[in-house]
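Each of the next two complexes has chain A plus one more chain, namely chain B in the first and chain C in the second.
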Partner chain A sequence: MRNRLKVLRAERNWSQAELADKLDVSRQSVNAIETGKYDPSLPLAFKIAKVFALTIEQIFSDDEVAQAAE
Partner chain B sequence: MIEPVSDKLKPVAQRYARDMIIAALLYSVVVFAGAYATRLELPHWLIIVAAITPLGPALLMLRAYVTFVNAVDEFQRRIQSEAVMIAAGVTGFGTFTYGFLEEWAGFPHLPLIWVLPILIGSWGVALCIIRLRYK
Partner chain C sequence: MSFLPATQNKRRALVRASMIVLGLVLLGCAIAARVWGVAVHWPMLAVLVAFCALALLEFVTFDEIAKQAHYIAWYWGSLLGLIVVALIQVLFAFSGEPFAFVQAMLMRWLGHADPMTSFLSGMMITPVFMAAGFFIVRTIDWLRAR
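Up next, the complex of A and B:
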């Protein structure tokens, strides 16, 4: 799964630690999600979407769908 | 280098450390008392009780670990789960294989008391490797 977390975070000038604080997770968790090493659960994905005031689809995309779009 | 514990994990890690230290101290006391009791002329049933007693503090350690794992976020929980699975596999298959070596190839007998240290040791190594992988 791909995500735009790093870009969205940069747009808001948030550090990984700040985003982690908003999501109530560790900074390592944010880093793992950003680098694509960890896919969040649905509840965490909803939380991320809420923090960025976006829909889940605007942040996360399926690998195959993203490849097809490219 | 392993990253220091983040602010988010700090209270959880502190509680875990505190609970673990208390349980480990209790465990040490009980084990030393048990070892001392075996030197005395005590009835056999009392020696059995002394041998079983360390299970109490050991269960406190287990409770501290389960509480810790339930308190961390889902990513940290995944790291812990992977480490426990690898440690269980290494210990289980490792000791099982060593059992064959003992039975078939005449390797020296490995007392069962080593199983837990092997499990904890392999959990620690697995945890370090998994954390590095997710870095």
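Up next, the complex of A and C:
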């Protein structure tokens, strides 16, 4: 699974800690999602989408689909 | 509850700080019992119960990723600890000649224990190895995630 979390966070000038507070998760967890070490559950993915006011598909994409698009 | 910090991260930090304080109190009680011979078993039991309650509370404040990390660390770490304990037991129960020198060495270091000490040591050794395994796996995971 790929995600645009780091880019979206940078666009809004949020630190990992700020995003973590908005999502009610730890900073390490934000880092784990950003670096692709952990794929969030659906509830957390929805929460992330809500924080960025986007849809889940605009933030997360399947590896194969992303590769095909490239 | 209004007296608690607003964010989950701050609540987790508060619970963790309280656990550290209680841990230090436990250590202080143990030192007081050893050094001054103070009877501290009831206060220690109370602190231990409070510590366990805080540990439960801490788990509630974990996010899904931290919970996942703990599940993995407990599974692999405690399994590793159990394997080590099982290996030691197998070596001692069925060794005979090949590991007799290890038994002799331990006898020299530890001497013969009375039945109650043996029982309590036996009760303690498995969770100690399981907890050690947990901390090893958790530390490796934490270092990798940094």
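We take it that the second predicted complex is superposed on the first by the 70 of 70 C-alpha atoms of A that agree within 3 Å, B and C clash if a C-alpha of one lies under 4 Å from a C-alpha of the other, contacts with A are read in each partner's own complex, and residues count from 1 in each chain.
As a working rule, a contact is a pair of C-beta atoms (placed from the backbone, for glycine too) under 8 Å apart; a residue touches a chain by one contact, two chains touch by 3 or more.
All values reported here derive from a predicted model rather than from experimental measurement.
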| item | value |
| --- | --- |
| Clash-or-fit label for the pair chain B, chain C on chain A | clash |
| Contacts of A:S61 with chain B and chain C, given as first, second, both or neither | neither |
| Touched partner set for A:Q28, first chain B, second chain C, both or neither | both |
| Partner chain(s) touched by A:L44 [first = chain B, second = chain C, both, neither] | both |
| Which of chain B and chain C A:A20 touches, first, second, both or neither | both |
| Set of chain A residues, in rising order, touched by both chain B and chain C | 20-21, 24-29, 31-33, 37-38, 40-41, 44 |
| Residues of chain B that touch chain A when the two form their complex | 3, 6-9, 72-76, 78, 133-135 |
| Contacting residues of chain A [partner chain B, same complex] | 17, 20-21, 24-29, 31-33, 37-38, 40-41, 44 |
| Contact set on chain A toward chain C in their complex | 20-21, 24-29, 31-33, 37-38, 40-41, 44 |
| Interfacial residue positions of chain C with respect to chain A in the complex | 7-9, 12, 63-66, 68, 145-146 |
